[in-house]
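In the part that follows, the structures are each spelled out as structure tokens.
Next, two complexes with chain A in common: one pairs it with chain B, the other with chain C.
Presenting the complex of A and B:
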């Protein structure tokens, strides 16, 4: 490995990237832009869900309950209807996502402590909003029933409190409101920083397509030097994102950064090395850009999204998937990003993940360099 | 004209066969991914590592632990000797939750007016498993609490059962996750596949220098466009049919409405996305650039598919923008036909909007691409 050779390749790569300004801008800003789009789209607070009310009871109690339920920002009363057919019609047209159906005996059942006669109908095609409506309605119903029952309970000499005899004390560390955005944004960093890997795969395939790879190979530059030289400019691009993302995450989404930034920076460099090595493997095996694109999507982009434990806990996956997840750099890096952002842990906790990243990077680069010769020869 | 277009189509197919990775990815990559994603997202969250600090060591406290294990949500780690162990494990991200049972749990539970306490610690650094853990613990506690209340009041079990409102789910009676996630995933895969295919078409020829050759041949620009469009639409349509059969047979997503209508709309939608892809293609100088643009546009459209959050909950401005996003209308139509059995009478506004958008995007892209080629 010669530093001079490496530097020459890096300079050539940087020239390539800078020549095409548009592509350069896109490569530079795609990770940040993707992070923001996804963080926003995946964590919109659900509110203003349109609902209909079908009140068969028509008593003052049922009216008060319906009014209570649609107060506030969560549910919007879209219509008061007279029969189930109308509910179905509104659901079919997508005008409402849920309906509250109050049965005829609502008031009398409540007063005689027989229970609450109500039904919730939801649109199962979008359970996010439907499920939200159910939780909201049930919550309001419990409140409402609780208040109504309070008097009767007192007459029976039973305190309301005794209905929940166990005192459950919940303490949430690192993310007190359990807001998905707080941990998804650090998690998603591991996905968006994988984007430069696709670029590396593409540039390798590009050289293959244009036949310039043979020219480079005719120079005294070694295979590993060539691959590293291809990777380093993209590692730099990635590191610029590593600096920008925590700042923007804090400003736009109020994500805390509790750990050490230099530690995060260097561990990110290791991750970029590992994920870009994956990109070079794709580039080495594939000869055209569309094909390189297709394969990187299959082995880098989608698994980086679904198998790294950002959305679905790795512990819940079957054995085989868990094994596969261990070979994805994103799995280890997601632990690092979350650890540095939220609990703010240091190298004493994170070193095994750093070691894994180095191991994967070296292994992938070695495989790529090994097959590089065979493929060219 | 027909003969010349035909020869162009043949040329495109020769490209496809020579570079077989791309069409293979288009046809089966989406399907494979859909299978993986659909499978991954339709599983319950289980096996979350949980630590228990049982300071009571009584029959009652053990019953709590057994009840927690029986939910299936947790996998019990070794019992923790003290709080620092729990804190440490949580900091390392080794556990998602911990339960602390205080020493007087059993006594409080047995006394008629006692109020036993139970503490739970959640690892907020992973909010999705933490939320699942909280739900599971709350379920166990409310079941136990109900039992205690009934016993203390001397009531029969079932006295409170009437207080749960009943739930009816329309269009997805079993609340199967696959039913609402897979159609959106299908829509997204289809969009990415066609956009990518169309976007690479001219960008690739330009980068390789073969576009000039094509242009000096006696083809009109319209013929070249049609020649490029036919294979893209054909492959995209086959892709759609394969993915649709997959979600129907593997994930039991019903097709309650008219299949013919769905296929016609799918074909129209493909043409709209094709138009977008072609504009990207002629604006891009390299395939790399075309690809990056597709990523950005595809991810913006992703916001409007209702996959993660309903569009109704987004700010007004975004709701207005949604109306000019073809993917938004397409997903509404797709869900409507598959799950709701909706027909033209219900879906006409969306179909009309899609057609109007198609007309605008189609005209623009045709003129733009022709001008760029000439």
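Presenting the complex of A and C:
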């Protein structure tokens, strides 16, 4: 291994990244843009769901409850109706997504400390909005009933704990402050940071197409020097993203970073080494850019999306896919990002995943170096 | 002269691509200091031959020795001693002229102490001194070729392998490029250059004509020119098709080649046949603007040889 050759290749590649607008955009902005796109799509807040209220009780308590439920930005009161037929009509026309039905005994049940019974009718074709309305109404009902009972209990001088017989039936951990799927963002970060793998596959194919690789192969440069010289610059630009993205995640999505940043940085470097060696394998075997792009998506990004446990738990996958998941750097890195961002765990927990990344990186690089020959055709 | 061991020698060198045999049992022997021109129609195997000699392709069978090293066993040792220039422009477009030179000097382990002097000399040599900070992609086609040549010369190789270095370059740049090659040749560098241009082949010390992967003829340019039968008459008719049909049938005519609307007629004796052709044209009412004796060039010889080979293949 000649340090002089390696440095020449690295310097040339960094110049290429900085001077070629396409490459620069791909490696510096795509990860950020992709993160924003996916995170916004997945963490979008459902707001202003139109609902109708059918109040059979018509008491001051039921009116207060209906008003409380439709306060704020979550649910919009579209209409107060008199019968279920009207509810159905509105749902059919798509004018409301859900309806709250308050039964006739609402006030008396509450006053006699019996359980309240509520009905929510939702539009099954839009389960997201409907389900959200149900969660919201139940949450508000718990608050409302809780406050009401607290007053009564204070008057009766009994504690809440002694009132076990009261069963609100639906128990939910609904938390009005929790944004949906915020937990996905660290997983997404693990995915977008793998983008430089695409660049390294493309740049090798690009050099083949343009004949520059032919000219370099005609020199005495070593195979390992050439491959490492290609990978190292993309590891460096990848690490720039490793610094930028947690900052953006915090500013844009309020994702806390509870772990150690240096730990995250070095584990990310290992991940970049592993994923870039995968990209290098693609570049070694595939000689045109469109094909390299297609194969990168097929073997790096789609499995990275579906098999690394970001969206679907690995434990519930068939055994074959679990095996495959173990060979994907993203699987191990997703554990690292989630661990570092939210619970803030340290090396004592994460070291096996770091070891896996090193192992995969060394194995993939060895495969790439083994099959890369300084020959054409 | 014949005593010196050849600097490039191939013995039955063969390379197959799937079903086609690109280079077929090539026996080539080039002496140190030769300027050897490789000519032949597209697909004759010129590029494959040069890539094989540069160690960029695996040999299917046969063997080759370049600069004293066995090509199959010591390709990296060969690479240190040759300068190879691919047919396609193959430098880094976003690197400047000087950066490209520096990049290749690093890969060839050029001593740092000599780098500055060599760079300056090559820039002057290639006429690129004024453009040294310009990106390679911004250079004209001719300057790009000269930069590519400078990059292959940075480690002062004994042997240059150049694959159609002047294709797609304007005539003035082409001439300048060949003036540089002639300087190198006079300086003792062995040059193997493929070219589609016959005037360039004429400037070589020896020319090899390849056809369907084989070396058909390998001789000095004047010997190749002598291959042509008879003497040449150049005819510029108004209707070349009518003239061609007529002249082909006349006695003493070996061969007629067309160059656009110009006819090259090869006859057994120019002095005797020129008046006869004129008379025949008059008689048949075929108008012409000019007719004269001419000397055969490489181009005529080349076309004549290829024509004969193609006829031979059809039989």
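As a working rule, the second predicted complex is superposed on the first by the 238 of 377 C-alpha atoms of A that agree within 3 Å, B and C clash if a C-alpha of one lies under 4 Å from a C-alpha of the other, contacts with A are read in each partner's own complex, and residues count from 1 in each chain.
In the analysis below, a contact is a pair of C-beta atoms (placed from the backbone, for glycine too) under 8 Å apart; a residue touches a chain by one contact, two chains touch by 3 or more.
It should be emphasised that the depicted structure is a prediction, and the values quoted were computed from it without experimental measurement.
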item	value
Chain B versus chain C, judged by how many residues of chain A each one touches	B
Contacts of A:219 with chain B and chain C, given as first, second, both or neither	second
Partner chain in contact with A:40 - chain B first, chain C second, else both or neither	first
Chain B versus chain C as contact partner of A:97, first or second or both or neither	first
Partner chain in contact with A:199 - chain B first, chain C second, else both or neither	first
Partner chain(s) touched by A:20 [first = chain B, second = chain C, both, neither]	both
Partner chain(s) touched by A:306 [first = chain B, second = chain C, both, neither]	first
Contacts of A:250 with chain B and chain C, given as first, second, both or neither	neither
Which of chain B and chain C A:349 touches, first, second, both or neither	first
Partner chain in contact with A:63 - chain B first, chain C second, else both or neither	neither
Common interface residues of chain A - those touching chain B in one complex and chain C in the other	20, 210
Residues of chain B defined as touching chain A within the complex	19, 21-22, 24-26, 29, 32-33, 36-37, 40-41, 43-49, 75, 90-93, 96, 109, 114-131, 134, 137-138, 141-142, 144-145, 148-149, 152-153, 160-173, 175, 177, 179-180, 183, 196, 200, 204, 207-208, 284-289, 291-293, 295-296, 299-300, 302-303, 306-310, 312-314, 332, 335-336, 339-340, 342, 346
Contact footprint of chain C on chain A as seen in their complex	2, 4-5, 7-8, 11-12, 15-16, 19-20, 210-212, 214-221, 374-377
Complex contacts: residues of chain A adjacent to chain B	20, 22-23, 26-27, 30, 33-34, 37-38, 40-50, 88, 91-94, 97, 109, 114-116, 118-130, 134, 137-138, 141, 145, 158, 161-176, 178-180, 182-184, 195, 198-199, 202-203, 206, 209-210, 286, 288-291, 293-295, 297-298, 302, 306-307, 309, 311-313, 315-317, 321, 335, 338-339, 342-343, 345, 349
Residues of chain C touching chain A in the complex	17, 51, 54-58, 75-76, 79-80, 82, 84-92, 94-95, 99, 102-104, 106-109, 135, 148, 151
